[in-house]
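The structure's right below; bear with me while I get my questions together.
The chains carry the letters A, B, C, D and E, assigned in the order they are written, with residues numbered from 1 in each.
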């Protein structure tokens, strides 16, 4: 079955091709169904691959499917090949799984849109690129998927392009990502320069032969790329704007899958991290935790429901990076999966809320919706408990594991993590209370209602997953550490081993539970019992995300633009001016010489005589008397 | 008899002077006729040179050359005068400076 | 005793009449035409006779040249004074060819502009005869006489459009300056004679080979004066000033002849005197020619770029071409001579062709040559415009035209002689000159003749006429042919240069 | 380099060049009464050479791509050692094919706005000239074709252009002519110096001169500069690029297409064939200079492009940036870089050619190229927008499309040769996204108002013209191997030539390690397991990464 | 003796030359020219070129100068030319400088180079001046042997002169008077 791993990518690609060819003719809803089927097919394939991989001895759980030689030039040679190993298959499974659900949901959500089929074209293309990213057997191929998902997100964010804001958001996303990609490319070149190959197997096998500085450089550059994709500081700025896209897009791309690519990449290259200087992982960890705290703070004061979720996504990604930085690769992946479940759930839920309120995204006009849309509310609440870190929901387990490793790597990280956890609990509760509890604040004309089955079904499935995904990797005994042992072959024993004993772990867990409880309590106090006005906690600085984005915008729009215009003027005036100047000076010389051609025969004679004298003088010099 | 009694240099010096005077004359006079006369002066300077050098070389070639120079001088004068006549038909009393329509 | 000597017979030199034909045919043809015209009343013979006759005579001359070319021995046409070697024959061919090319335009032109065609043709032929004499001259005196024959005829022809004051002015300027430079030339001859004791070119060369002059002042001064005189004939700066005015004032077909035949004769004289006779002193005169070439190139191209009159553009461009040819002279080598000859042939065709186009367009008084009169020519007369364009591009040195090959050959000669900077200067000035040609092209193609008020009647659809048309077509075809398969002309010119 | 003639059709290249020229003559001879026949005739002429080119591509022996194939030599100007010598190797093969294919497309795609006869005639002359330049193996012959292309392009710009066409045409002509003026002197000098140094007769045979490196180092450097100037103008490199925007902007659509797709390549191709091959030492010596100029071009061109208000001008400046990549790839002087450079020549030809076609279509519809006048076109013209998007992405260098492969290889090569320049150059990739996406947004996104709302979508014919471009873009992005494996041998030969003739120069390559197989990894895992399977080994934890022991030992 | 003659002749010549240049009235100039010509012929005599001396006087003084005078009278341009003003800026000073330079340079070269003639002294032959023959005989022989062709060409030269003179002085068929505006315009072009 492993040889057929390429089918995983083939399905969405086929779907894409078919939809491009005759998507318009298929029309709604058939186009959507086709796309969904493609995703389902590829999900089935990945499960099959997973199964056959399980059948092998752990050390044999790696497999390379080489389709064809892609770019062979000199020493540089990359194949279009897939690296099938526990890590990539895990990713593939949840990408396709969650993807399929979101496709299903989208059929309902995009109902009636003019470009219905085009939407699914993009979605399938995205899925394909994402799978290439995940399964690619070399940095180059991963980069192919990497940029592919970037483009798809660009296309999907600006899907409703008639609105300038969407278009701008899409452009912003792509360009910001490109900044990251710059790092990725350089890392790729450097790896090639140092090892003569960008195939993962070579990188893994020879990581230790790298000088640690080189390894560090490569890792940091890759992290720049990852920071772009996974919206870490300071390149996160595109993600909040990306919410301009249709909600399924936000759920699939900007919550569940694409944004986690950065984390995946860092986990993927763990041997390089292992080979690099100590400060590299620390830097990653700190950036991650800083992002987590920062985003959580921003999320506390947002009123746009999707913005809240966006910032919370950033914050959760920060957690994952923290995990990567502290060597808890399994925890990172674990949290990535659980996060994929509950964040997708939350987004889809918010989607159906927005749907129900005819596209209104402002929570201040929500409230008391749980009566109107029980299913949505119920599932949403599950998601909330999961992300807030309330046991036994999945989020608790993954986040707790990360924090444990963080403590192990340095208590400071852990402390920030805990604070973030509390904030997370707070703002998520705030969101839930403002949306589903309290008194209805929406206009009378709005009639909130439960969306169609198509949309609720995915919610329920995801809710279930979000609730129980914790069992994937229970900390109690090594045998319950399913994911850990499953991912072993992909981590080459670079996974940090927890040094603190069970008791300490229990203690940390309790603290984090306390943090979550505190956060929820605070939210209850403010938004249900109104003990103190919301304005006290929603400081404007947080509402404006601490002005980072403004700063960027002002720089690009101000000095940046002026510099560019300066260059353009330089080209027009100086460089081109010089060229025209030469021409002009020649003409000037000509007009000057014309004076000599005065028309007076006697001046001509004078000129002739002068010339004669000159010649005579020259020959006089040559004479020998 | 022996012309070398008197060095060729003297003749040449004289010729050079004559040539220069003629040249300057052509440059400073506006009346075309006088300009032609100046050309004649220059040609005569040449003649002197030819004869003197011929004598110095004990060779008749110089005298032969002078003979042809005379012929050419004559023809040139004829054409020159014809031109002056033709121009004066159109513009009587035209000086060399007056015919300067073409310039630049 | 003297009486004794008087008894001795005068040994008149042997004459090879066929060898003399290239001179004899145009000269005698001129006289015959003169007689016909002066004896036979003009209503009896058609007006076109002059041109036809001229064409025929020049053609015959060409034939005789071809015949002589077949002989491999050097033809001593008239004792040791006129030696029709291959170079002389080549130049004779160029001269006669340009006359033949210039002639067909005349009937219509003379009728339109009211120029005395008979005299014009007579003078053309005599000038040609003089030019051929220059080409074959083995003696400075002969050279000088040939030059005068040609020049004086040219002075007259320049002034021949009596109704146009500019024409007379052109004649006068050409004449005054010509006479002035003749004086220098003669002085030069005299000094060289004094320095070497002979006026015979081979004599001079062998004398300079045989003896190392302790005092070469006289020789070099002579060289300088000769350079002035001949430089004037080929319009090398700073002796060029006459050229633009004369070219513009003279009747256009005459201008064509001046740019082709007269230039060719002047350059062959330059080669005979400097490369052949004074070849041993090349180190002395090459730098001077270097300077002249640079000045000529610069003046010609830069001034051409700022003209607003097509004829004047061509005039200055012909100066810059002279500069290019000087580059070949400066090389002072056989390949340099070959390059010069090639260039002369190529440029003669181009020049006659271009000036013929101008002649066709120049209107009743032969003065409508401004660039604005060319405006929109492409729309009115596409073929004519295309022809002129090709000729102009050839002058700019665009590949697949004779112009490119010519430029290439002189550049090659210069580089071979290690004068790289001259080559560079030449190429750069070629770019500047190209700008001038492009302005003409722009006028013809990219500017529509908007201000067609009173000129419309005359210039809107100029009638080319059979003769001129044939000439232009021939010129264009030759230009392109020489560009695509240059090897023919190349081998001819190298043979002529003794390579 | 050895040379082999084609047995089945020895004269193919000569015919390839002559067919369009003959077509031009035929056009001139066509009766004025049948203007409708002009375009078909032109199309046939160019199509014939296209077919020949494709046949040649099929016949081309990839195995011996380093040697000149379809080689043929005739006497031309024997007296001066000039011969008609043609042949293609891996370097020129795809340029020839691309040229031969793009011309028919340009002729089909764009109608002459007026006076079709001269228009198509000039197009064919232009085609002959371009093909001639790519196949010429004699210095003079190369120069001749290199120069002759100016004329038709001059008339195309001046006669069928817009705006300040006369100015642009003249500027183009003189600027490029000036560039090549010195090259002629250099060419002649090379030939003479070669013959005097090697004692043979004067010859302009490229291979003969290049293979016997007899010139003195300093002389060669000077001559290289003269050549480089000519090519730098054509490429164009900063700071001699300013003819390009004017020419492109004012040229008719087909003109800009050819200019961008084919004529700029004359410069880059020249740099390889007559720079590296003829003057290896000088190329190495001046490589830093050229790379610097290339990098400047990349950044500078991109920034300038971003600030243009005229869509066509924007694309023109983008060419400056893209050609910069080609130059740094060329002067990285290693296989990856040079291969990437050659690849990028073709890629840029395809994508920028397509871009200019699209811009032309937009202009045709809206009669303006001012970006500010356009907007929201995607609504009325989704297909046009989609095609534009694909082409744009390929020009941005998106993996999976052709632009990426070239850029990747170029940067890889450059990174090994001039690391920090490559770092800067890679930033150009960001800028490319900036100006192109911004332009796309301003033109296609947003609300469509007024005339923009009525913009008609792609017509059938236009679609058919664009289809080959899209196909090429995708194919060369997904499966460039067939192209690369024909280019690379020639590239290796050039690099080897440089290495042989330059003392102390070694191709800057990556230090390659033996490839690692799954088995090796598995084995190392075993070791790792046995070592690491004990109770919590503490030296494995996150913060002291210094002594992480990675997967293999 | 000969020195004295030379000095006198030189004085006459130079005086005449200066007269030509300086005299305001063309008629006077012509007469000064005659003076110079005669002086030159004296120098010829001094060099035993009696034939040339004769020709000099006959052709030049007799024919050419008369021709000049005829034309002067014909055109009535015998009015005095205003010599004090010089329309062209800087013409005279420059002319003076150039003339002086010319004289100086030529002088140095020629005089220094001439007292030892580098040319070969021919012994005997038709060309030798110290042979028995009279100079007329000598010239005759050389002219019709060595320079026969040159003599022939003078025929063509004279023909040109005749034709030229005729065609130029013949009244133009339809002369359109003093030039009009558009002539000037075309001249500007």
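As a working rule, a residue touches a chain if its C-beta (ideal position, glycine included) is under 8 Å from a C-beta of that chain, and two chains touch if they have at least 3 such contacts.
The structure displayed is predicted, hence computed values, not measured ones.
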Those chains which touch subunit E and also touch subunit D: A, C
Neighbouring chains common to subunit B and subunit D, by label: A, C
Chain occupying the middle, per Cα centroid: D
Chain pair with more C-beta contacts, B-E versus C-D: B-E
Relative to subunit C, chain with the most remote C-alpha centre: A
Chain centre separation in whole Å, for subunit C relative to subunit B (CA means): 26
Whole-Å separation of chain centres (CA-atom averages), subunit A against subunit E: 99
For subunit A paired with subunit C, centre-to-centre distance based on mean C-alpha positions, whole Å: 78
Centre-to-centre distance between subunit E and subunit C (centres being mean Cα positions), rounded to whole Å: 27
Contacts with two or more other chains, residues of subunit C listed in rising order: 141, 145, 148, 152, 155-156, 159, 162, 165-166, 171-173, 176, 180, 191, 193-194, 197-198, 214-217, 220-221, 244-245, 312, 435
Residues of subunit A engaged with two or more neighbouring chains: 583, 594, 597-603, 605-606, 609-610, 612, 616, 619-620, 623, 625
Contacts with 2+ other chains: residues of subunit B: 8, 19, 22-23, 26-28, 30, 36, 53-54, 56-57, 59, 61, 64, 68, 72, 75, 79, 82-84, 86, 90-91, 96-97, 99-104
Touching pairs among all chains present in the structure: A-B, A-C, A-D, A-E, B-C, B-E, C-D, C-E
For the subunit E and subunit B complex, residues of the former touching the latter: 2-3, 6, 10, 13-14, 17-18, 20-21, 26, 29-30, 33, 36-37, 40, 43-44, 46-49, 51-52, 55-56, 59-60, 63-64, 67-68, 71-72, 74-77, 79, 81, 86-88, 91-92, 94-96, 98-100, 102-103, 106-107, 110-111, 114-115, 117, 119-122, 126-130, 135, 138-139, 142-143, 146-147, 150, 154, 157-158, 160-161, 164-165, 168-169, 171-172, 175, 178-179, 183-184, 187-188
Partner subunit E, residues of subunit C touching it in the complex: 1-2, 4-6, 10-13, 27, 30-31, 34, 78-82, 114, 116, 119, 122-123, 126-127, 129-130, 133, 139, 141-142, 145-146, 148-149, 152-153, 155-156, 159-160, 162-166, 171, 191, 193-198, 207, 211, 213-221, 308-309, 312, 365, 367-370
For the subunit C and subunit D complex, residues of the former touching the latter: 393, 396, 398-400, 404-405, 408-409, 411-412, 415-416, 420, 423-424, 427-428, 430-431, 434-435, 438-439, 441-442, 445-447, 486-487, 490-491, 494
List of subunit A residues in touch with subunit C within their complex: 583, 586-587, 589-591, 593-594, 596-597, 599, 601, 603-605, 607-612, 614-616, 618-620, 622-625
Subunit D - residues contacting subunit C, complex: 75-80, 140, 143-145, 147-148, 150-151, 154-155, 158-159, 165-166, 169-170, 173-174, 177-178, 181-182, 184-185, 188-189, 192
